Amino acid sequence: MKNKTYLPNIYLGVILLLMYVPIVLVILYSFNESKISSVWDGFSLKWYEELFRDRSLFESLRNSIILGVASSCAAAVIGTLGAVGSSKVQMRGKGVMEYISTLPIMIPEIILGMVFMVFFSLIGLPFGMMTLIIAHTAFCIPYVFMLVKARLVGLDKSLEEAALDLGASKIRAFFDIVLPLIAPAIASGMLLAFAMSFDDVIISVFVTGVDSNTLPLKIYSQLKTGVTPKINALCTLMFVATILLCGLSILLGREKKPKKPAENV
Amino acid sequence: MDEILELRGIRKAFGGTPVLNGIDLTVQPGEFITLLGSSGCGKTTTLRIISGLETPDSGTVLLEGADVTHAEPNKRGVHTVFQNYALFPHMTVEANIGYSLKIRGVKKPEIKSRVREMLELVQLEGFEARMPGELSGGQRQRVAIARSVIDSPKVLLLDEPLGALDLQLRRMMQVELKRLQKKLGITFIYITHDQEEAINMSDRIAVMRDGLFEQIGTPNEIYDHPKTAFVARFVGSANILHLGGKCLAVRSEALDLKRGGEGYLTGVVREKTFAGGMLRITVDTESCGELVASRHGIDSPLAPGDAVGIAWADGAAVEVEP
Amino acid sequence: MKRAKFKKEALMLLPLYLFTLVFIVGPLVYMVILSFLQRAETWGVTSEFTLKNYLDILEPVYLQTFAESFKLAIISTVLIMLIGYPFGYFMAKLTAKWKKRTMMLLMIPFWTSSLIRLYGWIIIFRANGVFDKMLMGLGITDAPLKLLYTYPAVVVGMVYALLPFMIFSVYSSAEKLDWSLIEAARDLGASRIRAFLTVTLKLTLPGLLSGVILSFIPSMGLFFIADILGGNKVVLVGSLIQNQLMKAHNWPFAAALAVILTILTSVMIALYRKLSGVKDLEGIV
């Protein structure tokens, strides 16, 4: 290329910058002494203090964590079993079933939330943690399923066969060979699922009960009614947690780099 | 001597396409037998049926006289060296080699010492802690073999184990594999499409074609007395001549060309090429099509366009089934 | 023996299939049934079959909601496309090291709770907020614009929330692009623009279309963005469904709305598959 221009790089930089502006503002104003977010009254940690005194917020944080862990774990078991099973069994209707099971991330969330709400009241399931976990598991499964399936496609079939050949039972070969090799995919699927669950508003609005407020629901209702900078402080803490999770996922995703193979025999 | 392995009338089809059409084979203990054939002839499927990774549609597999046709692979005492080695990428060399012992519940210190013996055997001392990804092709190959022989299997199956190595390494490994087999006394069933490799290493060769054995015999038998035109062509790149209602196989080096001379046949030299240390002279004949004669050296007085008479010594022509 | 082997492994599919049948197929089927039922006088539904719910959608007020919702979705999607396509395209041209870094920088806001990001926009848009201060400080305006609770605010919120999907989709197909093809086209005498239109755009079309779907479909349902940034002024199909369900308690009507939305969505995905010849949405996971 002759006339190398920096325009594309500037464009990328500006858009990225714009993406961070709202987040930076939230963090900035969490340290604001003033209650009004348009005025800067000096640095203060008082909103963090207030945040830690708010029991109901911690309650909803706890709920969100329980919900995220429960549904991503359930999704990990169901999704992994399904993906492994589907790689071994050939039968009619398999494609259709797989398509339907990934619908929850294809159709608008609002529809998913609504059908769960009417369905749960039809079968008389009381709204609360249970219904939240079922609904979240439904949209967590596809992430695990699709990632594990993709990993299995790339997995050398002869590895499992080698284990069988060397005397391992099918179950043993699964736990010794297949599971460790697909573990990174399961972990990233779970992480993604947890993040989605932890951030979900739309579906939760429909299936939550009286005592099962999640953190996003709590923030949502505060954003709608009236905001105190306490929320900024909370958001900042959540942002820090996100960065930590992000770092964790990168660590998980990084494959061990093999040392340079010795060329002599 | 009792057979260690016997295949009786094995048939197998995949999705309606027949791959094996009723093969029979008996293998003696300690034998090195090679299944030789081009790709798609059914040799890998035969191996997978012996190891239990595939079940035949009909026929019987006997191991030391016991019917194991439907036994699980882990109940057979037969191990395979896979074409791509199939080393477990998340385990060290030591864990890979010791895997079959670990499954059997052998104590850790014993596994450790047996693995060390194995590494000595394949000349990879001190490689215990390496990961497969850190090994070269030849080293992986040795680890795969060590892993498969550590618990002294009755039969070792090798699926083109040298296919991924370069020529020089292949020659070295051929010698080494043979040495290993003699030392361990394990029965080897070896797959290759390379006739040179088969002749170099095997006690017997089974030439396969379209899911059937064309001929089973010692390398000498196969080379000197091919039963069919296919075997003659595949193993010795022989010329097949149809003369007087008979089908004859004559090796290229046995063809004698005389300019303007007499012979069993006459033809015209088309081209000369030098390959594999030999000069190959292609001759067009009227009655038998294209023939190839080979000579040592890099040139010959014959030139393209020369009319030649073609002859061969008595006994150089072997009658084969077409 | 073979039979037994087959059955054992099929058992692994059981949890997935059971869950899918009970909690996905069941609710979806019930939604369709519900949409044909009559609303009861006070609470719940009667088991009478009716088409009334679908006919109700044809009322101007609801049709208008669909139209508004579509309009917003189209505006947002076009903006997302205009901003996101060049981003994904330029990103694919970076060196491997910078690709990784840019991806990292994209992932952090993407993983950050959507509510936090939404809240940032409230701070920006509210009367006398950051945006107003900036404009007034620069002397562009002399009174607060009061952008919060307006249509543009909702559009910005949508674009901001959904932009990453477009970028990931375009990037994943531009990354696979064989740049030598473009050079070949240029070599054969195509102008820069022509080479882009005939080669680049055509080859990255699956990514672009997948990005369009991934932004268009949610933008009809993300009611909380319309809620928070638009006040009551912007009503989406999503907000309508939510209102009918939670406030008006007219479940059959909400179900009918959802059925229509589902059909629209499926048609779009089917169209995408037909146009791009790709089965899975690019860059979805």
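Every chain is named by a letter (A, B and C) in the order it is written, and numbering of its residues begins at 1.
Convention: a contact is a pair of C-beta atoms (placed from the backbone, for glycine too) under 8 Å apart; a residue touches a chain by one contact, two chains touch by 3 or more.
This one's a predicted model, so the numbers in the text were calculated from it and none came from an experiment.
Of all chains displayed, A has the C-alpha centre closest to the centre of the whole protein C-alpha set. Of all chains, the one whose CA centroid is most distant from that of subunit A is B. Centroids built from CA atoms put subunit B at 52 Å from subunit A. The centroid of the Cα atoms in subunit A and the matching centroid in subunit C are 18 Å apart. We define each chain's centre as the mean of its Cα atoms; on that basis subunit B and subunit C are separated by 58 Å.
Shown for subunit A are the residues that touch two or more other chains, namely 170. Taken together, the subunit B residues at the contact with subunit A in this complex read 51-53, 72-74, 78-80, 82-84, 86-90, 99-100, 103-104, 131, 133-136, 138-139, 147-148, 151, 169, 172.
Across the complex, subunit A meets subunit B through its residues 156, 158-159, 161-170, 172, 176-177, 180-181, 256, 258-265. The touching residues of subunit C, when paired with subunit A in their complex, are 6, 8-13, 15-17, 19-20, 23-28, 30-31, 34, 83, 86-87, 90-91, 93-94, 102, 104-109, 111-124, 126, 128-130, 133, 160, 163, 217-218, 220-224, 227-228, 237-238, 241-242, 245-246, 251, 254-255, 258, 261-262, 265, 269, 281, 284-285.
Of all the residues in subunit A, the ones that touch subunit C in their complex are 8-9, 11-12, 15-16, 19-26, 29, 37-38, 77-79, 81-82, 84-86, 88-89, 91, 97, 100-101, 103-111, 114-119, 122, 134, 137-138, 141, 143, 145-147, 150, 170, 192, 195, 198-199, 201-202, 205-206, 216, 219-220, 223-224, 227, 231-232, 235, 238-239, 242-243, 245-246, 250.
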